[in-house]
Amino acid sequence: MECGDAVVQAKIRPGMTVGELVEEMGKSGAYNAGSLWHAANIYEEMLRDSEAVKFVGLAGAMVPAGMGGIISDLIDLGHVDVLVSTGANLTHDIIEAIGCSHYHGTAQCDDVMLHDEEINRIYDVYLPNEAFVRFEEFMQGIFSELPGGSTLSIADLLHTIGTRLPGGILAKAAAHDVPVYCPAIQDSMIGLQYWLFDQTHSVTIDAFRDMHGLMDRCFSATRAGALLIGGGVPKNYIFQSMLMTPGGFDYAVQLTGDRPDLGGLSGATLEEAKSWGKITGEARAMTVYGDATITLPLLVAAVLERMGK
Amino acid sequence: MECGDAVVQAKIRPGMTVGELVEEMGKSGAYNAGSLWHAANIYEEMLRDSEAVKFVGLAGAMVPAGMGGIISDLIDLGHVDVLVSTGANLTHDIIEAIGCSHYHGTAQCDDVMLHDEEINRIYDVYLPNEAFVRFEEFMQGIFSELPGGSTLSIADLLHTIGTRLPGGILAKAAAHDVPVYCPAIQDSMIGLQYWLFDQTHSVTIDAFRDMHGLMDRCFSATRAGALLIGGGVPKNYIFQSMLMTPGGFDYAVQLTGDRPDLGGLSGATLEEAKSWGKITGEARAMTVYGDATITLPLLVAAVLERMGK
Amino acid sequence: MECGDAVVQAKIRPGMTVGELVEEMGKSGAYNAGSLWHAANIYEEMLRDSEAVKFVGLAGAMVPAGMGGIISDLIDLGHVDVLVSTGANLTHDIIEAIGCSHYHGTAQCDDVMLHDEEINRIYDVYLPNEAFVRFEEFMQGIFSELPGGSTLSIADLLHTIGTRLPGGILAKAAAHDVPVYCPAIQDSMIGLQYWLFDQTHSVTIDAFRDMHGLMDRCFSATRAGALLIGGGVPKNYIFQSMLMTPGGFDYAVQLTGDRPDLGGLSGATLEEAKSWGKITGEARAMTVYGDATITLPLLVAAVLERMGK
Amino acid sequence: MECGDAVVQAKIRPGMTVGELVEEMGKSGAYNAGSLWHAANIYEEMLRDSEAVKFVGLAGAMVPAGMGGIISDLIDLGHVDVLVSTGANLTHDIIEAIGCSHYHGTAQCDDVMLHDEEINRIYDVYLPNEAFVRFEEFMQGIFSELPGGSTLSIADLLHTIGTRLPGGILAKAAAHDVPVYCPAIQDSMIGLQYWLFDQTHSVTIDAFRDMHGLMDRCFSATRAGALLIGGGVPKNYIFQSMLMTPGGFDYAVQLTGDRPDLGGLSGATLEEAKSWGKITGEARAMTVYGDATITLPLLVAAVLERMGK
């Protein structure tokens, strides 16, 4: 056991850049601030590694919180090769892309009154029902153009949607040919819309078809890295994709508010992932505990600042 | 604003039953102990309501922690009409049912050494790789009997698996014709096995086919109740199934270790669900924060004790 | 690395005792349920060890939640040799002992309205201001009898208060000559009352005088054990008391809702305490994460049931 | 119920300042990122309000994590009128000020080995025992100069220590005549050193003497604001100081990793504080949940950037 560098008391300078702040966190270097600095080092190395396939897992409700723009910008910058998302994030991405908005609200409110006024709440974000009316119209329009009797994968369906949108995550992913995987697509408003459509049409969405492309990508990867925003299905799906290959992820950064002792995969440590071989024994890996609406912008701003130099 | 009953300091009597302990928690009545007592009242009322359709959502990694037996017993007792689970819980249920075991371990360990010894870790539970060898053999055996060229729903597939198992959640569900929904089935070892099978066979699993039966159940329900063990896809899928109906859940009990302020659905309050109409404005609803390996056995033991009287 | 016993799926039997439930948790044995069973084993061994000095640390707001009765009963049973508490728990203990009550309320309320109605809130517990009127009367009465010009320790003051109360923690501690330490006594309503008294009287409370008795107890202990309910000052004060001795705690059970990664002592692991020598390298030690209003009654009921056999 | 402004997807620009990042968090405006922006607004207004008495509460183990420098700089800038701290933070402040260091370490380590090598661990920070040797020498030197037979307050003692230090929190506080309150001073290494000294000397530290100056400050304050870093004794002591006055705090920002549902004061909402009158019904108040090693530097950097314009 050896001591590392001395802790340096953090210095705040008015007007300092985010990258400079994260450097201060590296010198003070403890708890989650220290972890954030380590995570920035790992994410920078991962982005600079041109041979690494870059996965992003997007759980939680990040788009209603305004974090979708960061993801679509990362795609635009070429920093995402594979995106795995919850259906919720994609639903809200579509809602924003077709011109509807989420609104600032408050978590201290009367939810029965909100319901009467047709406003849906996501913690302190409000989403009026009318957005879902426009969402339905848009989705049914797209679905109705799908060739009858055909069988599609979920990523195919999402790609088709992306090509019809002017901006956002699905649009950027479609434009850059980044596959978007969403294993639990039924579990979202996209799923409910598809159920409506499915009652009178016969286009089959094959639950497993996407796995072939994903697994091929994993088998052919020289190296691989994952940025995991939240846990849930995206984290597990990304990690399990390496279970069948001889290797594992070489880089992993996890931003989560969950905790390990509850046993769930969402809060599981990246160390635990090594026992499964999901990440390699030598992988550079770091978890930052906290709200990703704070840690994600910090991480990305610091790393993009470094990359620009 | 009015004060309710006075808090009574809890009294521990050696040999007291779990039901008696939960009554003490009701009299002291504060924080999560008080919530647990309220949850027991709601769950008891829900189970006694013969017209209520009873949903159970099972997230986390409850089966490796020995909580699967409680679910299969609840099914056996007729207390589950619809089960929604993660693929992980079902994978581990199959592993136990085919005679393999999970083992007590420790979270303070060297995961690289564990990997070398082919032991996978789930917090403080160990699962040797050999279980997955037997799992593969079993799963491929079942898959190979599926009629080539056919299209199945995920619940169909899980029902088929359940009929081949001697015990556990899937077996009991199959025996009692309780549908098991698993929207993200790809995201599990079952999914990986199916990908293997799918490379050389042509049985299509339709991602959306299950929604019809589920939605019909929701539309025809006089009343409905949900026991949510953890969040994730099971919680959202259960709740969203009521979004299209005029009503909502009348009873809801949520056992979670997540927190609301991160904005994710897993930690969202049941109040928030009212704004969406997922549960009714008058619903009896309670969240108990904590590890479900503690709160679930307490809740079920207390309620079954009451039901037995 | 070796696997331990196989996980046994938990079995709920209606009418089972709490001790039987905790045994089931031991057989399933994972996450915090498994930890609770380990904690019960350690706490049982500690209570049965007649040569071990038994410390209890009481943080949080346990008395308003009805958990004070468990502590006073443990004192009555001879299971507490030294109690370290926050001032808040002792304030609320006095309030109950002089005949005032805390009341069941709700955390979903309008706190400004509560303030207008002179009700103070502790999460979902309500405490009307009138309790503090009676508290003031009682405290000033006791203070006025203190010999003018004298110097007392905090434990002396608390002992004096305890002798005037008909029941509760301070009364039982006084009756059994169990010292109650409260290093931050100023930080409580007791402290505010003393400030009022102190404006016109001259009785000095020596902040450090208690440390001599506490340290003597630590130096003379053959073995020592600690039950830590929450963290805060009680946890640290108990642990640091062993820093000057050659040994450390031999038994430690910690019930906490805090988490380690924030770096605070409240959430620190018991492993970390070994680096300081606060607990011995061979100490039997276990942390159970969760709300102590649930884990404390479970632990005590299970251990008292075992002790009764 | 009304919707506020539309959520704007956050935009990361390489080289952006921390203030600009926090503005983006304000426009996206949700969950804890939104709360952080609100907190910055409140803290800025509080610092600009020349008639507001400014309290800072410092709990947790912030100095070992390199956050002490931010506090001493805030004092230097005149932004702190009253500081309430745990004894631990002050102990580690002295250790740094006398030239010893904390070191970067790791939380994945063998604590028994660390103990053998005389290294104490605070999550991922290491502190060699030799620091405590020098600490003892320094503290006993100061104590030995205290006038025998005298009675001092805790703040007097801390002021005296501060005058002998070349830098850090206590030094800056002494230089600027900012009182430092530490109600639980016994509960720290400072306390253990004083116990050593107290065995052979007769200087009395009056536990309650400090309350007079604190309460006078509260009674004479036109307006008051509090920045609470963590909970514990500092938070409660600051808040209770307003209980006896007709008013309450007008500004409050709380940075915490605790949660409300456990009932403890550390995690209690600022709304709850309104029921007690600790903060006024109209107070501007915001809690940011997360690790203060991340949220504190962000908050201070953003607000100092604004103040500099």
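For reference, chains read A, B, C and D in written order, and residue numbers begin at 1 within each chain.
In this text, a residue touches a chain if its C-beta (ideal position, glycine included) is under 8 Å from a C-beta of that chain, and two chains touch if they have at least 3 such contacts.
What you are looking at is a predicted structure, and each value in this text was computed from that prediction instead of being measured.
When you average the Cα atoms of each chain and compare centres, the chain farthest from chain B turns out to be D. Residues touching across the chain C-chain D interface largely coincide between the two copies, over half of the numbers being common to both.
Centre-to-centre separation between chain C and chain D, using Cα means, comes to 25 Å.
Averaged C-alpha coordinates put the centre of chain A at 43 Å from the centre of chain C.
The set of chain C residues that touch two or more partner chains comprises 30-32, 64-65, 114, 119, 122-125, 259, 261-263, 271, 289, 291, 293. Chain contact topology: the protein chains form a complete graph, every chain touching every other one.
Chain contact summary for the complex, chain A toward chain D: residues 1, 3-19, 21, 24-25, 27-34, 36, 63-70, 72-73, 96, 101-105, 108-110, 113-114, 117, 119, 122-126, 128, 271, 289-291, 293-295, 297-298, 300-301, 304-305, 307-308. The touching residues of chain D, counted against chain C in their complex, run 59-61, 64-65, 88, 107, 111-112, 114-115, 119-125, 151, 154, 183-189, 191-192, 194-195, 198-199, 204-212, 215, 230, 232-233, 236-237, 240, 243-244, 257-266, 268, 271-277, 281, 291-293. Interface residues of chain C facing chain A in the complex, by the touch rule stated above, are 30-32, 35, 259, 261-263, 289.
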